[in-house]
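Letters A, B, C and D mark the chains in the order given here, with residues in each chain numbered from 1 onward.
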Amino acid sequence: MLNVGLIGAGRIGRVHARSVAANAGATLRLVADPVLAAAESLAEAHGARAGSDVDAIFSDPEVDAVIICSPTPLHVDHIVAAAKAGKPALCEKPVAMDLAAVDELQGRLAGLEPLVMMGFQRRFDPSFRRVHDLVSAGEVGPVEQVTIVSRDPAAPPAEYIAVSGGIFKDMTIHDFDMARYLLGDIVAVSAVGQHLDPALADTGDFDGAVITLVSAQGAVATITNSRHCATGYDQRVEVFGPRGSLAVENLRATTVRRFGADASSAEDPYLDFFLTRYEAAYARELDEFIAAIAENRAPTPTIADGVAALRIAEAAAASANSGAIVRL
Amino acid sequence: MLNVGLIGAGRIGRVHARSVAANAGATLRLVADPVLAAAESLAEAHGARAGSDVDAIFSDPEVDAVIICSPTPLHVDHIVAAAKAGKPALCEKPVAMDLAAVDELQGRLAGLEPLVMMGFQRRFDPSFRRVHDLVSAGEVGPVEQVTIVSRDPAAPPAEYIAVSGGIFKDMTIHDFDMARYLLGDIVAVSAVGQHLDPALADTGDFDGAVITLVSAQGAVATITNSRHCATGYDQRVEVFGPRGSLAVENLRATTVRRFGADASSAEDPYLDFFLTRYEAAYARELDEFIAAIAENRAPTPTIADGVAALRIAEAAAASANSGAIVRL
Amino acid sequence: MLNVGLIGAGRIGRVHARSVAANAGATLRLVADPVLAAAESLAEAHGARAGSDVDAIFSDPEVDAVIICSPTPLHVDHIVAAAKAGKPALCEKPVAMDLAAVDELQGRLAGLEPLVMMGFQRRFDPSFRRVHDLVSAGEVGPVEQVTIVSRDPAAPPAEYIAVSGGIFKDMTIHDFDMARYLLGDIVAVSAVGQHLDPALADTGDFDGAVITLVSAQGAVATITNSRHCATGYDQRVEVFGPRGSLAVENLRATTVRRFGADASSAEDPYLDFFLTRYEAAYARELDEFIAAIAENRAPTPTIADGVAALRIAEAAAASANSGAIVRL
Amino acid sequence: MLNVGLIGAGRIGRVHARSVAANAGATLRLVADPVLAAAESLAEAHGARAGSDVDAIFSDPEVDAVIICSPTPLHVDHIVAAAKAGKPALCEKPVAMDLAAVDELQGRLAGLEPLVMMGFQRRFDPSFRRVHDLVSAGEVGPVEQVTIVSRDPAAPPAEYIAVSGGIFKDMTIHDFDMARYLLGDIVAVSAVGQHLDPALADTGDFDGAVITLVSAQGAVATITNSRHCATGYDQRVEVFGPRGSLAVENLRATTVRRFGADASSAEDPYLDFFLTRYEAAYARELDEFIAAIAENRAPTPTIADGVAALRIAEAAAASANSGAIVRL
């Protein structure tokens, strides 16, 4: 039984708390958040203790491992603190605000042997994983083209966007990791940003984007993003190779189809957002974290995976602003 | 080039006229209908001659073969006349009004060697044919269960129903032939009739029906019929065996799917009725008729197929009225 | 928190044990099975006590409610014992071996006010429930026709079949309840039984069946059953009315589609069997049981629902043997 | 009845000959090809005359209109000759080899009022047209993103590729026109070219490509191309806007689905290539050509549409070679 300490009681923190509660191999012991009321509310729901002193979590003897859901600017500090305390850490994406912070992180981790896993939960989604495994088994031959569509059902609040680091680090970074999961290293990036929703104009951030990635093997991936999608959370991947293709469809709440005078075979809209869409993925991500700790091995995805995705995100932002392809 | 004479300028006559016009191997020469205006209108559209004397068609030297689209009570006379004239005939279903008329037909055909083909066009639909061929090739193993759904988009006029011979001979007979096409001989029939649409109550005929057929090999088929279907012409078959299943989906005008806030993957309604749904089937049925004549061989389906379907239809009517299973 | 005692550590008992373990509102306290080793094995996995004395469960002060997964011949005794002990009971189907046993049950329950829920879990499946709710809301108008396909992936052991009460009470009874869930009372039944798999010939039981039901409102339902299905657990329903249709598709483990030279859009086989297919349904069934206890109200489906389904099952068996339609 | 002269008896010439033959409003009168045997073979199949002197077609009194299927370098000459002869022309894409040739064309057409239609047949495909019309009707709101996937089943011969003008002018040009059909004017283009099939390495041409287009309204389209696709001719479009999406699926020969132990709902591979996939589109394209002539109006798509698509193709080629986004 793994005793877990959770840093951050916000939206994603609640997702992980729920995932820990449902896992037979883990127990939530401590929730730490500078906003004590938030920590208490979440802790109470799962029978855990709460605290406002985040640093105390690293020295808490009851905490075997930490899940880092703090704001991105604190990720470096929290990863390093966990490493020094010898506590395994599962850290939400992105690993850091920028590549300068990554350099700092790598310097501070020198000489330590931290067990850190990055929270790219989509790698644990049964459908994406199945495609990855089929690709690895040669089902379609060497991958030549990948089409990723990734749209949120509705934009987060403007205040969230203001501190998000921008769409590429905040949202697309999951798609960059998916591209790497399926294609390996990426060597070139070009991006077009869009301002679609006038209500978001003041944020200064793109709310739509189309990105093209070239892999080291010469495969090309496109990613199409939007902060809104009337039909729900649109999460699809197609992988094309010389022997065929593999595609992941969206999930719906039921398999009901309606047939009427206006339409046939009409299905439900997609599941509304990442909590329901990736419920199984979060559970299996936690399984992998627990298993890696039990087996004393490095979990995947690694910090290096987090850094690689961040590097692509910065390149995409640069390309969207300059209009030029960026080589990595 | 086969010169065709057409008997009957009604709805199904027009279907065949169009099919002949589109066929590179046939030309429509003569349309005969007691209602001369109807014959003329149809003939003119296809550059053919028109006449009101149906019997004259059998002695017309310009006519190589006839397509019989006359009212069912005249089928026997017209098949016999074609046989005596030595002209191949393609006859619409049902072959006759009842089994007594079939006996008469067989008596009058004795000693003749007519080339007669029954108009069960669904056997020539590319999808149903593909299922038949896959079944014959052993794709699912010995067929165990068949599910046929067959619904018209809207009921024909009450006057049509009054002279139609009843839903089993008029509409279900196509499904009986489909069951025989996939399963071979049928040995037991039970049926439930429904009165669904109050507007058709005065016709005295069922406008919904569910029929269960048992084949000589022990397979069981269900047929579900309705004279109305809001989504269009609903024509589906599923074949189940120990190694798997085969299913035929409905046809739509386009492959467009719509995704919105209320539904996803919504497709068009089905094609509206038999003319569009079975356009390819009518064309290929005519191809088979032409090929059989050219090769001087018996075309399929035969008069015997027509009689077998009629026999099932009579049994279904008896079962629907008596509440008992009828053995054939 | 509801403390649950479980009677029977067999296949379905294990399903319920898992469902209780995953439910935040219930705890498994006691597993009772005459085969002590089975009880112990299951109890241990969920931190419960085990016992071989089933009757002791009814007087155990730690047990608030019981789930009855004993062999069908013991259902009556166990329902009555729970009623006398004042413990709510969730009883697996069928409610009893035959209608004579039902009469006995009703006599022995006279004067008691038991809280008993029948385990027709399909009513709690999100997709079937959605269809039921849409039908109730008038989505398709008054239901006219229902098509139920229900096939197991593979037959149970011959020993199981020998004591199962026959396919209609053991397997089809779920479909009879589904028909009642969608159509209300059934007034006529006809059935055809099939002997499909030679390996099951010695059991004397049908391993395939097609049943036709007529509802009090004149709707007709067909049920197609098989003890085997190469593609997995085939569980589908279509509901047809004057304004349209509703259909429930099968569930698969992923949404992956494969496209190759031989086929396109190929999906996974269906989920393998009822545990995975109805995992959500069992969870929600338990939610209803817990909620009914908390609110001190009668849960649905009731004993009367169990009796009605059993009555149809007996009629179907009679029809399959006699070849006649049976009126209820 | 429109009497048609056809220039070029190659692959696409045969497509048009067949389309004319099937059209009730047109007759094929003359086929001209420098390779007389090719012209004769095609002419004979449709009861037309044949000739090797292409220029003679423009003065032939029996020819009302011409369909230009000559090699691209001859398009300018043939369009001008038709214009001078006062004969309406339907010209295959691309309109010319390069923009210099377009300038020459526009100069030579000055003062003439030619009726010229460009052969972008996809605009007449029922599904793409339906999406276009739904978009125009506001179904999804202002279009924000378009995803076009367009893959040939197998590469043409290397000799064809050598004179094709490159993948962007030869193959992608249809997708550029589709993007313009759905989005209007394009203002920026970036492209990545791929060398996928080693067998085509000597051609020097890309056999895979991913192109990003930005429209004047700020919508973004991606086009993914490949010269090979194991599943057949892959032709899909998705259109996304604030109120929903529209998607066009591939066409298959039947609606049969297979269900077995390895897969469920497996459909046929896609139709093999453009002749079958776009059979209806070629027919309707010809209808538009005939109608425009009859009504003495300009048909769509116009020469300007052909030029616009060519301009995008040149920009895409420049971008693929330079790695920079090209503004139009």
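Here is the rule we go by: a residue touches a chain if its C-beta (ideal position, glycine included) is under 8 Å from a C-beta of that chain, and two chains touch if they have at least 3 such contacts.
Because the structure is a prediction, the values reported are computed rather than measured.
Fewest steps needed to get from chain A to chain C, stepping only to touching chains, is 1.
Here A-B and B-D are compared, and the pair linked by more C-beta contacts is B-D.
The equivalent interface to A-C, defined as the listed pair sharing over half of its contact pairs by residue number with it, is B-D out of B-D, B-C or C-D. Ranking every chain by how far its Cα centroid lies from the centroid of chain A, the top place goes to B.
Chain centres here are Cα means. That of chain A falls 58 Å from that of chain B.
Put simply, the C-alpha centre of chain B and that of chain D have 40 angstrom between them. Multi-chain contact residues of chain A (touching two or more other chains): 230-231, 243-245, 250, 258-261. Of all residues in chain C, only 22, 126-127, 130-131, 134, 139-140, 243-251, 253-261 touch chain A in the complex they form. Of all the residues in chain B, the ones that touch chain A in their complex are 230-232, 250, 252, 258-270.
Of all residues in chain B, only 144-145, 147, 149, 151, 188, 190, 192, 194-197, 208, 210, 212, 214, 218, 220, 222, 224, 226, 228-231, 238, 240, 242-245, 323-325 touch chain C in the complex they form.
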